[in-house]
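Common to both upcoming complexes is chain A, partnered first by chain B, then by chain C.
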Partner chain A sequence: MGASIPQLLVNGVALGAAYALIALGFVLVINAVGAVNFAQGDLVMAGGFVAVTITEYLTPWANDNLPDLAFIGPRASAVGLGLVILPLTMVVMAVLGLLFSALAYAPLRHRPPVSVFISTIAVGLILQHGANAVFGPEPRVGPPLVVDGNFALGPITLSIQQLSVIFAAGCLITGTGLLLSRSQLGRQLRAVAQDPEMAEAIGISAGHCIAITFALAVALAGSAGMLLSNQFFVAPSDGGLFMLKAYIAVTVGGWGRLDGAAFAALLIGVFEVMMAAFVSYVMAEALLYAGVLLVLLVRPSGLLRETIQRRT
Partner chain B sequence: MIRRVALLTVLTVHLAAVTATTVNAKDAYIPILVPITGFIALEGTAQRNGAIQALENAPEGVTVTYEVSDTSTSPEVAVTALHRALERGKPVAAAASIFGTQMLAMAPLAQRAGVPLITVSGTAKLTELGNPYIFRFFPGDGVVKVAHARYAVEVLGAKRPALLYQTTSYGQSGQAQLAKILKDLGAPLVFEEALAPSAKDMLPALAKLRAAKPDVILLHLHSGPTALAIRQAREAGINLPVVAGSAMHQPSTAKLLSQAQLSGVCAESAASPISESDAKLVAFTREFRTRFHTEPDAFALAQYDGINMVLAALKDGANNAEQVRNWLASHTFEGLAMTYKSDGKGNMAHDALIVCYDGASLVPTIVKRYHNVDGAL
Partner chain C sequence: MKAGSLRNVGIMAALLIAPVAFALSAGGYEQRIMTLAGIYAIAVLGYQLIFGRLGALSLAQGSFFGIGAYTTGLLGIHLDWAFPASFLASLIIPAAIACIIAIPVLRLESHYFALATLGISQIALLVGVNWTEGTGGANGLYGVPPLRILGTALDSSEAMLVVVWCVLASAVLAFSCLVKGRAAHRLTLLREAPEAAVTAGIDIGARRLSLFVASAAFGGAAGALQAHSIGVVSPAVLEFQVMVSILAMTVIGGRGHPAGAILGAVLLVHLPEWFRFLEAHYLVAYGAALLVAVIIMPEGLAGLFRRWLVTQERWAPEPPRTSKPEVPTTLAVLHLVGLCKRYGGVVALDNVSITVVPGEILGLIGPNGSGKSTLINVASGLQTLDAGEIRLGNLDLTGMPAHGRARVGLSRTFQTPVQALGLSPLESVLAACPAGLDERRAERHAAACLSAAGLTAPAVPTTSLSPAEARRLDLARALASGPAVLLLDEPAAGLTPAERDDLACCLKHLTDSGLGLLLVDHTMDFLLPLADRVICLATGSVVAEGPPSMVARDPAAIAAYFGEPPP
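The block that comes next holds the complex of A and B.
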């Protein structure tokens, strides 16, 4: 059991990193429109299927045009293809985010937030049933980011895909943080999130900024979907699980806090894996919910308090 | 806006009228109430396809109408689907969910309405409730788990088996049967862990399993989790033989794994249509592929056989649900997968088989057949 601890930790961090990407998108939408996006989990699932579809188109091309790397592994022609598929998936998902914003949010913009979150539930169901109709109910395997397989580090076996997920998620989380804190676009997005009317008054188009926020949130969900689809497969019914984990991460991390959501998501990933390993899966789940209740009881605003404290 | 609402209303009324007309016709009515969304959609879709193929090939002189309702994954949805089917007409029988939790919820309603439920659910408890309207055409855990355990112990020589099973009623039923049979065979479980269907990372369970030093891994999981467990075990360097539940015989489960990962993997099942060379089964498989663009599995074949037995009852003169029930309870039927006969509790299937993957093909080979396991034939 002791020899498995490093791999368990890597798995926990990788799972948490993917949850963090989902939770970041979740917080971005909450901040931008003040409503919970209940389709976030299904958007993760959609990202997985987009990645599977792109892979099906790109693999024959890669087999014909890329050098034969058979010495690396059985699917050697596809080595590194995931590095192309990830940005392509994010672009497709960003376009889906713009559509989402135009169809499910914009018409309800001046209605109470409850209308928006019901609309997001509808979008989630459409995505789930659409995936079932188009791809069928069976799970599919997504592409690895770099390559399938493991490598041995002394007595420890580490998964290349899990390490790749941690690296890619780290880059995307850092990139999102930098975009929001250092760029003019990020400042505009934050301004609209804080006070859309004041932002409009100084010449920022709130509508455009909200659409961009949706695109960014959905692209992040899509990236998580792609990263998870290789190790854990993707099936039309997977959305609910991801949605739940994102919701818990945001609640524990602090509503509206990007850093809080990312931190809590990592914590949840590691907690789940280590508790399952040292106690049991059933207890891990029970303890996770007990932990959430405890946080809500002791620190209702989450581990990191919301700066403006609009919602807590 | 008002015109749109009016148009929608007219369309809705028209659709409702069309549906009512279809169902109220004098044909025998057989609703198909199966999960085609949710975590058990793969198995439910196979069930639906098997039922449809049987109904579309109804024998001459038997006219049947059918409609498909998705029961998803909750008992409430399944009960509502059965309620609706009963409101729409008097079914002579219903193809009912593979998901044991849903079957347990639907069973009392079916008994009150006097409608036989034709299912492929393996949950043992289902036929132990004394409900005369349940007919199970897939061998229950009391049959397949005997084959599962005996193959592991008697053929693979296992003495220290370890088990991963699902937290659902399906999983708990299989776990109870396996634990008892293995103990009786002198090879009690050295490790067991329940996993929720949503569990994705199996490494924690596999790490504990490895620490228990088993000599064979037994799996009683749904399709996706079965593939996840085998893949993650192989990636973690756990290359023990695996004897999995019936989900592993499904072609779509095998597709999730590489041939190397499938090496040393066996599974219990009622049948494996794609592995058979019998002419009738080959014809069934060919038609199934053409009709549904996918490979048939044992669930599809069992549901096909079950509905065919109902159609045989109708052809033999049964013309209402009660007569169909009596016919099912008292006759023997030669299906494509096996011979079906009720054991008095509604268990119609009594054979099981073991398939194994050789690591070179995604089509498994039938390595052992267990006939009349419970002695009901």
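The block that comes next holds the complex of A and C.
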């Protein structure tokens, strides 16, 4: 039984929107420190597990203390709990991001970017196998954002979870964009990304800005982990593929470009869902890798023009 | 053989023999672990070539390991190929695959290179898991025949251990041959100062290709031994875990010296044994060890013993006796004809034609942004030309890559010289000497170039050079390829008046042998007395040309550059 095209499109956009959050965090770090964060995928996975853990604590409390809204459904008291879990997950992950920057970046800030590349591989290993030790290898299901279930739009059935994922991711992406373009903090972050020495010279602390960037990037990864954990579950070994998708999105979208990365991530999500539905998941993966190799063969400096100087 | 390298051989021999002797005395289980360490050390040696020596973060080394394992498995099971034929095939097939993927991959910037090699290894894994008829899919291949040498099956753990470590010893030997002497210096220069290396005539593409292919062959050899050793090939050999292990061993052991490969592999293969309490999660310890290593010992375990380990043979600092270069200056006229270069909408060079004749100093002046540096960049081949022609004597250099131009006699220095800090000044110049010179003549030539550039203490560490000395080293390196014409990009910037006078003397002296100089500078009391002719550029066009005194009074040059006529 195949799903209808509109349903697949919603699936693809929901997946792509989550990928876009991952890719945004990935680009933010690239711009701030000129290095690839290889642990970005494992941080997504960590976000999923943080959401699962928060849910485990919150659900009994909600069952006891919230009024029973029996007319909505059997798990009615948990309705909308995801709207609390998402920001909580992001806060926890932002703190993890500060820790991550202190551990994997700060000691290496005067070394070539490849050192950071390796230290993030190391942190990724620790996260992946640490999660394996704590939660076990079995996939766990995360909380829905609002409520499980579908609603019918004429002949088309759409999942409420996926629509709310698209809405939440859209809000987060827009929020990140506004934060960077409109706020004083965003201007400082961009100044440090462009030229840390010059930023220091006009009184911006590059160290603080870079730590904030890591916190933001990891919080975005965590939000994606929470949003994906309901439909796709979360398992310790998930990280690698998320990281690859973000890496590919950034390459296709133009190294260092936030808009390009988000757009490319969206396309990758739609492509993956469509290919998996009509051909096979393996084919979707293989074509994606072959595609990025082709892009690099034809355009060795990425599909869109780079906006930052190559530093690695 | 020098004392340093003799000690090096001794240490390597001890590192190769001690683990085997220990394992032989410790029993079967330890023997199997040490066999695995030897296998990984071979793959790590290969990875040191591409990552350690060349500085390219390849993420495909694990896949070459896996492809080598599958080659041995498939040939042994389906075609009854035995050692050494199957082993050779397991070297050649990964190397051939490396050759093919090198075409799109090797010219990429480092972050794209990492992604591309990662993408390739993902494709290899997908093939390994899903090509069920060929690779046995997720189940893998069972019953890989044991190693067979001269008709005897080597299925005991002792025999396998000894064979693996003998192959490792040969791999160490091959590694040393690939990166000995000036070849090692060239790689360091390429890694630490790529633009200087390219403009000194070092072919970056050829080096990358040969090392990438060699690293693949090393990986394949390790995979083949692994297949024989455990008799099974499963898609696990293609998983990213193998790559991570190799990377961790390289970083923890040390990325440049073969001793690092052995130390890293022996240590990390034993790590799960020591962290038994973590059970299957020992990889947490891997990650932690990798993180600690990259933070506190950037040169790895081998770096801790660097006093005893010689990465590159040091040149004995004898004073340069001869000042006669071994490579004579060829006399040739440089013609730059109708050069055009645009950056988007900005016209940097608009139909500029310049000729430099042997033995002359041509001064090139003009305001910032007038195209002087662009001219030197397009002439030396670091940037491409939109239109125009570059000829040196009878040779057309227009389509030639930068290293080719340096080899036929067009050299350059840099406005901000980047030095290879891992090399002594003499080694930097040696790296730039033509490959045709033998070691002794190259050393004499390098010493002559250093003294011609006025750098008298070439044995001091490059890190302790003053800015003026760093410029002299850059000049010496540019002289090493035996140029006919030398392009100098602001050589006097940042020098004291005394250092400037020295430099002027030195440059004047260089032209005696017929070397032509194109000299860009903003210091007029340095350039005007020195130059035979001066050209003034403004917004990408020549506005004045002639003897220095005439150009200094030329209304166009005054309007564009001088601002007021000199008194």
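Convention: the second predicted complex is superposed on the first by the 299 of 312 C-alpha atoms of A that agree within 3 Å, B and C clash if a C-alpha of one lies under 4 Å from a C-alpha of the other, contacts with A are read in each partner's own complex, and residues count from 1 in each chain.
Throughout what follows, a residue touches a chain if its C-beta (ideal position, glycine included) is under 8 Å from a C-beta of that chain, and two chains touch if they have at least 3 such contacts.
The shown structure was predicted, so the numbers you read here are calculated from the model rather than taken from an experiment.
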Chain C versus chain B on the shared chain A, clash or fit after superposition: clash
Partner chain(s) touched by A:Thr174 [first = chain B, second = chain C, both, neither]: neither
Chain B versus chain C as contact partner of A:Ser205, first or second or both or neither: neither
Chain B versus chain C as contact partner of A:Glu138, first or second or both or neither: first
First, second, both or neither for A:Ile118, with chain B first and chain C second: second
Which of chain B and chain C A:Ser183 touches, first, second, both or neither: neither
Which of chain B and chain C A:Gln7 touches, first, second, both or neither: first
Partner chain(s) touched by A:Glu285 [first = chain B, second = chain C, both, neither]: both
First, second, both or neither for A:His129, with chain B first and chain C second: both
Partner chain in contact with A:Asn63 - chain B first, chain C second, else both or neither: neither
Stretch in clash, chain C with chain B, out of 5-13, 23-31, 257-265 or 473-481: 23-31
Where chain A meets both chain C and chain B, residue numbers: 128-129, 132, 240, 282, 285
Parts of chain A lying in touch with chain C, wherever the complex brings them together: 30, 36, 103-104, 107-108, 111, 113-115, 117-119, 121-126, 128-130, 132-133, 240, 244, 247-248, 251, 255, 282, 285-286, 289-290, 292-293, 296-297, 300-302, 310, 312
Chain A-facing residues of chain C, complex: 55, 57, 103-105, 107-112, 114-116, 118-120, 122-123, 126, 130, 240, 244, 247-248, 251, 278, 280-284, 286-288, 290-291, 294-295, 298
Touching residues on chain A, where the partner in the complex is chain B: 1, 4, 7-8, 11-12, 15, 74, 128-129, 132, 136-141, 150, 157, 159, 228, 231-233, 235-237, 240-241, 272-274, 276-278, 280-282, 284-285
Residues of chain B touching chain A in the complex: 36-39, 41-42, 44-45, 73, 167, 193-196, 198-201, 203-205, 207-208, 210-211, 223-224, 227-228, 235-237, 252, 255-256, 258, 260, 294
